[in-house]
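What follows is one structure encoded as structure tokens, with my remarks underneath.
Each chain carries a letter (A, B and C) given by its place in the written order, and its residues are counted from 1.
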Amino acid sequence: MKHKMVRKTVREFSEAELGPIAHEMDRDARFPWEVVEKMRPLNFFGLQVPKEYGGADLDSISYSIVVEEISRVSGAMGLCVTVHNSVGIYPILRFGTDEQKKRFVPRLASGECIGAFCLTEANAGSDASGVETHAVSLGDGYIINGTKIFVTNGGVCSLPLIFAVTNAADSARSAGVFILESDMAGYSVGEIEDLCGMRANPVSSLFFEDCRVPQENLLGKVGDGIKIALATLDTGRIGIAAQAVGIAQAAFEASVKYSKERQQFRKPIAAFQSIQNMLADMATEIDAARLLVYRVCALKDAGKPFGKEAAMAKLYSSTVSSSVTGRAVQIHGGYGYSKEYDVERYFRDAKVTEIYEGTSEIQRLVISRSVLNELT
Amino acid sequence: MEERVPEIWVFGDYRNYFQNRVTLQLLSRATDLAAQLHASVCATVFGHQVDEWVGEYIAHGAKKIYVVEDESLKDYSTDLYVTLMERLAREYTPEIILVGATTFGREFAPRVAKRLGTGLTADCVGLDINKDGLLVQTAPAFGGNLLARIITPEKRPQMATVRPGIFQEIPHNYQATGEVVMIPLPDDLPRDRVRLISSERKPPTIQKLEDAAVVVCGGRGMAGKNKFRNLYELARLLGGEVGATRPVVYSKWADDEALVGQADKHIRPKVLFSFGISGAIQHTAGIIDAGFIIAVNKNPNAAMMKMADVAITADANQVCLALVKELKKRLRG
Amino acid sequence: MIRMIVCIKQVPMASELPWDAKTGTLKRELADGMMNPACKHALEAALTLKSRYGGNVAAITMGPPMAEEILREAIAMGADRCLMLSDPAMAGADTLVTSYTLAKAIEIFSPDFDLILTGCHTTDSETAQVGPQLAEELDIPVLTYVDSMDLKDNTIRIKRLSDNFLETLEADLPCLVTVNTQHFQPRYVTLSGLQDAFEDHNILTVSASDLALDPASIGINGSPTRIIDVYAPRAEKENIVLKGAPKKIVEELFDRFESRIGGVIKKDLKREG
């Protein structure tokens, strides 16, 4: 009953506050601060944060439901919320000192600051070893120089986590994750990217020019970077998978409604078997994807390893999302191709779920490695 | 013992007399029902200096009026009126009591029903007598999406509150006569537990959009602010008002004042033009009481098109411009 | 410090429901439920009064087991405790009997109260009767359709619009008010509130026998009114489709419907010449 109520509550909020403006947000690439203002007191920015830091302390299934329901109305806001919660706060909760948690988590959980995780660079996409952003130790802190690109929430985050190497010759063992504040000297935000989908999310580059970062802002120790990044991505995948399910769900619901209304050959197109087959497949695939997400949530909350399952959920959900939204446009025919209907937005939004937070190709790498390493 | 003629009572709700005709409408329906039950139509009037209302009710169908007149009753007091009605009903045992579903009536009637331990149906849109001689009360549910037929098989009196505007009043009959029964104010009436501190008649608010007989509504299909503006010209020629859907207001093609929908303004125009609106429930919930609907949309399958009396499959903006042109031509002549 | 009770009802989220002629009740289990909007406004009003004057808020509902959801929602919004009245014998109750059942529960479980708040009406049956009838059953004053409330010492003063009269009324506590949906916009439920509502709270559920109620006096058996039939009113729209060039369409529209449109705008729209 709790999960049902979480779904209802978030759906009601999303439909009321994001529903009417989702089309315009996407068209104008506008981040809806006025809705963020309303989301803050409702714990959307501290979903799995413990009560002592001002969060809602939700279980992972509830968290996935929140992300799914927001994404069902606005993929871009669902992205903002999941990235903030999973890769923006989670690393600090998992790897931070008590002092760091006290200093940073409440500000993030309240939504006062929005988080992000910056890994990708021009030469470092799937190949994280190509990272060039470096941090030079000064004894009581670091100076960071470099550029991160395609940062989700880039244009609005104020407490991003930055993955940097301290020794270019040995990037794997010298990487660290640093907590930066957007008002630090040397920190600047690049232009917002003009993207195909998720347009209301201000994705941008971040530039660090001799950015001075105090020692207390290093998460864990130098050398922990890769470990933190991998754990973070594993968790992040759950949210992205939930997001993909939400977008697919929206496209599916629109398709069901449309096929009942649209008449051709003197019948609603829902009467034709080819449409019925498409709807049946879409419903089944979305359900399977959702259950994969819930499965990995259950593993995570039980404290069990979940890397493979997270990759599976992300791989499958994103693939399903792209495919379902494509079929949704098809079912809508010419009207689906027009911006008058929302399905073309779902179609554009869905595609990136196969790319970010580890491409589908990387997910397959993770899964196959796990499968091949399993003890027989 | 002489067989008593059953009585149908109508509560005299005379406040706002000229806008509120519901008592007269109920007297008319009661007359029809009385014919089938061989009953007599009565009215009850509580208040101070009520001769005018007594006369009106007799002229509109009441054969007997029970009057309780006293200065202490000059302002409506739900508490006192409930007690008076309870006592009168216990003494004179009417078969049926009908009350108009005004804000007052909707509090008054349930309290009377509770005191008498009988059933009450709210906001009826139909009253009939069935073959067993029972009052069949037709009431809406789910905002009028469903209608329920209800009876009160055993308890008496059978009670119903009735929506204003459902029944037609009988024209004023100057020749009509009726019996007036003056009931003295009981001296053991309990003190009114609700104290009226102030009451002022509110001037009726001008609700241009909600009261407009013609509304021209526009949605995203109007494609742009400048094209949307053409709707204002059409509305002007028709003597109507312009309404808009939420996306239009968000894009600032129209003001917040024009917003028509479930959570916004509910309109009841006799003629509604709907341009480029898909028909999302958030909007259509605000137009369910519209009369003649003409919808224009490129998409013949839009929900709005299915709800319309006339569905025009064409570009909304082009039709708007053509309407303006044709109207000017026809109005000139 | 005011001790408040809010009576809330779960209504279907659907805009219509099939009716079971055999049991004489609506098939509520077929649709998802939600807290009736006016009840939510009443709850918001209670919570607002609580933050102004201090006190506590108890939420009561009578319904099938699925109605537990709205009690959890009430707690998530800020109610302090809840009572669930659930028993098959209570089903199919009309307003007389609903108010009787609620009154008995209040007398047993929460007899010391200052203010009862209810929504002015529900979106399913729309009778607006339970509030006034509950007040009668408990023999307390009632004020309906309130827009605003102020408390002072042991009195409540309200403002409301009743049939074009702007009224200010006062009554002594304990008293019952019904709240309309024009004011007291309900707050959104916080997710941490929802989490607490499920983890930290037990809901007391009582049946007819817990309330010492005779089954013949409650539910459908005790109701003086009986629904004999539920039906959807016929849709009357002809849905005439016009296609073609805008100019031709418009001419046809005015020619065919000249009286319908012209009659309303009070102008002659016949084609000249």
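The criterion applied here is as follows: a contact is a pair of C-beta atoms (placed from the backbone, for glycine too) under 8 Å apart; a residue touches a chain by one contact, two chains touch by 3 or more.
As the structure is a prediction and not an experimental result, all values here were calculated from the model.
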Steps needed, at fewest, to go from chain A to chain B via touching chains: 1
Best-connected chain pair, where connection means C-beta pairs in contact: B-C
Most distant chain from chain A, judged by the mean position of its C-alpha atoms: B
Identifier of the chain whose CA centre is least distant from the whole-structure CA centre: C
Separation of chain A from chain B, taking each centre as the mean of its C-alpha atoms, in whole Å: 52
Interchain centroid distance [CA atoms averaged], chain A/chain C, Å: 39
Interchain centroid distance [CA atoms averaged], chain B/chain C, Å: 20
For chain B, residues that touch 2 or more chains besides their own: 300, 306
Sites on chain C at which at least two other chains make contact: none
Contact footprint of chain A on chain B as seen in their complex: 220-221, 246-247, 250-251, 278, 282, 299-303, 306
Touch list for chain B against partner chain C, complex: 15-16, 19-20, 78-79, 102-104, 106-107, 109-111, 113-115, 117-123, 136-137, 139-155, 193-202, 204, 213-214, 238-240, 270-271, 291-294, 300, 306-315, 318-319, 321-323, 325-327, 329-333
In the complex, chain C residues that touch chain A: 32, 34, 68-69, 72-73, 76, 188-192, 194-195, 198
Touching residues (chain side chain C, partner chain B) in the complex: 12, 14-17, 19, 94-96, 99, 123-129, 132-133, 135-137, 141-145, 157, 161-172, 223-233, 237-247, 249-251, 253-254, 257, 260-261, 264-272
Chain B-facing residues of chain A, complex: 20-21, 23-24, 258, 261-263, 335, 340
